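Chain lettering (A, B and C) follows the sequence in which the chains are written, and residue indices restart at 1 in each chain.
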Amino acid sequence: MSASTPILRFDGVSKNFADIVAVDNVSIDVAPGEFFALLGPSGCGKTTLMRIAAGFERPDRGRVLIGGVDVTELPPHRRPVNMMFQSYALFPHMSVFDNIAFGLKRDGVARTQIAERVAEMVRLAQLQGLEKRKPDQLSGGQRQRAALARALARRPKLLLLDEPLGALDRKLREETQFELMDIQKKLGTAFVVVTHDQDEAMSMADRIALMRAGRIEQIGAPPQIYERPTSRFAAEFIGEINLFEVRSASYANGRAHIETPEGAIEAACENVDRIGAPAIVAVRPERLRFAADDGGVNRLAAVVHDIAYRGDRRIFRVRLSSGKLARLSASAAEATPAPGAEIVVTFDPDACVLLDA
Amino acid sequence: MSAWRVPRLATLLVGFAFLYAPIVLLVVYSFNASRLATVWTGFSTHWYAALLADEQMRGSALISLEVAALSAAIATVLGALAALALERFGGFRTRSVFVAAIYAPLVMPEVILGLSLLLLFVAIGAPRGFWTIVAGHATFSMCFAAVVIRARLAGADRSLEEAAMDLGAGPVATFMRITLPLAMPAVISAYMLAFILSMDDLVIASFTSGPGATTLPMRIYSAVRLGVSPEINAISSLLLGAVGVALLIGAVAQARRTNAA
Amino acid sequence: MPRRPLARGARAVLSAPYLWLAFFFIAPLALVAKISLSKSVVAQPPYAPTFDLYAGFGALIEAARTLSFDAYRGLVADPLYFESYLTSLGVAALSTAIAILVAYPLALAIVRSDRRWRGFLIGLAVAPFWTSFLIRVYAWIAILKEEGLLNHALMTLGLIREPLEIFATTMAVVIGIVYSYLPFVVLPIYNALEKQDVALREAAADLGAGPLRTFFSVTLPLSASGVVAGALLMFIPAVGEFVIPDLLGGSDTMMIGRVMWNDFFENRDWPAASAGAIVLLAILVVPIVWFERRQTRGGAV
């Protein structure tokens, strides 16, 4: 296996359940050691795709390769991957030790080595002193770490994690994100995480595959997906965004001049083809700001509607001349107009992304 | 997993054949022309006609139906009250005695229940007959009824009752308007169960009955002891048919409710 | 749970079933215990001393003095009782073991069937419970008799020359008990299997366990509670079974239910039958207590 061989490859994979298309011709390569996230709303096919990788579902079409080997026809217990289940699926009648040792025993690892490896996993997952407990004697976070330790005990090159933080409360979730990233770096194992939580995907993953209705919507690094979404769905699914309807547009000097119901907008634009087609202009709330003087382009008159306090930031909802509400996110240190104040909002041309409507 | 399809279907086939073959054979041979209940000699409804003419059988069937209807009614009311007490009153003194008295008859050998009831009726000098059978049947079927209704109450959303009380309903109104209607499917199941248990029972009826009150199972039992007879096959088939129809109606009603929900 | 006096309304609700059970269940059992300590006489009722509620406390003490352990002594001295207890326990244990071996694969096959069929199939497996016990046992007489359907079929097929002697043997009783109680065993096993999270099996497969290993290390141990419940639900009433040994068994299958029935109706030895019942109850309390403790231990963890 050369360094460039993907650890996991979906090659034109499709899967139907009765007449529902769960996965539709998906091709993805995951590199060794990569932290990869399958992100999407529920029912988008991300869990089915992961279960196809683990061998619990058989694809109708396409192939699955693990480390360059076609495993499409292999049953789950013969595949060199492990999975951390959303419900953790810890065996309730076995101790933490026995749970972690389960896969090692199946591999025929010698007893002393099993003890060593379990001890190593217990340290890694910070479960010291809990080896003899049964799963229902553990806290939620401990259960999560025990499930992770069990899945990692066989030293798989690829670990699949189904909503790994889904069952944890908010505070614990954030801590655990960093723990997962630490462990992933330390072991160099490729992680494929299924999640519906965009924050989780953005903060942990090297790359994200955004899925919708069984198809891949966009694949890219988190900043790329956030800053340069390639579709309206991608723009709206991740983070907040303001959308302006394009009435007409012309193109000159690398700039698009766009008429919208809210006023004229100038957008930096490499993609000339889009101009004229029904389209929208997307701008992130943090790229909007209150205009300090009279200069510059992209000046939209507005009235402050209300303000949501978020500690480090404030989210302003402003009513534009068309009656549409736009969001503006400003750090708490900035000057803050009161609700009802007449203001002008502005943004840079390169903050704009042109998308199909 | 498809590899297990064949063994799974084979298991189902063998299992259900074991469960239903004896019943099917029993019904088939009720239409046998011959008195020899094991050799097929031709189709006949002769034994059903003979059955209808048998006045003793008819009388016993009537007694059994009356005992079942009455004892099931008593059992359902008492069982519902017991279920309510167990599920809604929390802890009370001698609760464990009460719980034991509810659950013990479910598994206790019928011979012991029957024997103890007979001793009671002798001790208090009660004339044995119709009413002592009703009392005996009500006693053990109320325990089954209590368990069935209690399961339903345990699964019910307490907040509905709390909402009713919050809106000004007293305990009685809450029970009549909220708890009881919601538990109704279980109450009906409990009545059906109690009815069938009573219709089925041989041992307790034998201990508690007296002259003139011979239930259908008692009549069948004394006939069966003399050997296999197509007339018994015929009455058995009729009883099986009645239960089958009742189960079918229940299943259809259940399916309708599930679909509607 | 807190133990507190109940409100008046609640007490009224409770008192109806409570008093009914006290009168028709608890008092009769006390009476059985009392009569088991009486002497058998030829009279109506056939035991002495009789219980006179109106004679007052002094008479009660007097009666207590005449209590006799004759019935229990008779029980020990009579090999019939001792043997029939052993036979009952043995037949019930064997039947229960066979029933589990039959019921487990059936329950498993139902649970692993398509979700749309599962409800129907378990309904079908439990449905015979609703039909008459007596009729189902009767159906087996026609099958197992010497000139019955089974022998007839086997001889027609040429598989045997001489009819099998199953009817009126212990084997017939075991078949009858397994058949009659099968729904009681299938249902709790089905419930235990049905509750199991599919992800547990998937996790075992994911960790390298093949189907057999998964079954023995995950599926089976996690359904143990259902197996135990089903076994108990069947074993306890089967020990005291009367109808099945009476109709299918021969003279060598003297189970305790039958012995008590005979003592009661034919020998009219009420104290002996009562003592037999008390001893049977004492024997049956053992598995119940064991089960209770197992349950509470499981719940405490």
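As a convention for this text, a residue touches a chain if its C-beta (ideal position, glycine included) is under 8 Å from a C-beta of that chain, and two chains touch if they have at least 3 such contacts.
Everything numeric here is computed off the predicted structure, so don't read it as measured data.
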{"item": "Overall pattern in which the protein chains touch one another (line/ring/star/complete/other)", "value": "line"}
{"item": "Chain pair that, of all pairs, has the most C-beta pairs in contact", "value": "B-C"}
{"item": "Separation of subunit A from subunit C, taking each centre as the mean of its C-alpha atoms, in whole Å", "value": "58"}
{"item": "Interchain centroid distance [CA atoms averaged], subunit B/subunit C, Å", "value": "17"}
{"item": "Multi-chain contact residues (two or more partners), subunit B", "value": "none"}
{"item": "Complex contact set, residues of subunit C against subunit B", "value": "1-6, 9-10, 13-14, 16-18, 20-29, 31-32, 35, 45, 50-51, 102, 105-106, 108-110, 112-113, 121, 123-125, 127-128, 130-136, 138-143, 145, 147-149, 152, 179, 182, 211, 232-233, 236-237, 239-243, 246-247, 257, 260-261, 264, 270, 273-274, 277, 280-281, 284, 288"}
{"item": "Touching residues on subunit B, where the partner in the complex is subunit C", "value": "1, 3-4, 7-9, 11-12, 15-16, 18-20, 22-23, 25-26, 29, 36-39, 77-79, 81-82, 84-85, 89-93, 95, 97-98, 101-102, 104-105, 107-113, 115-120, 122-123, 135-136, 138-139, 142, 146, 171-172, 196, 199-200, 202-203, 207, 217, 220-221, 224-225, 228, 232-233, 236, 239-240, 243-244, 246-247, 251"}
{"item": "For the subunit C and subunit A complex, residues of the former touching the latter", "value": "197, 199-200, 202-210, 213-214, 217-218, 221-222, 301"}
{"item": "Interface residues, subunit A side, partner subunit C - complex", "value": "54-56, 75-79, 81-83, 85-87, 89-93, 102-103, 106-107, 134, 136-137, 150-151, 154"}
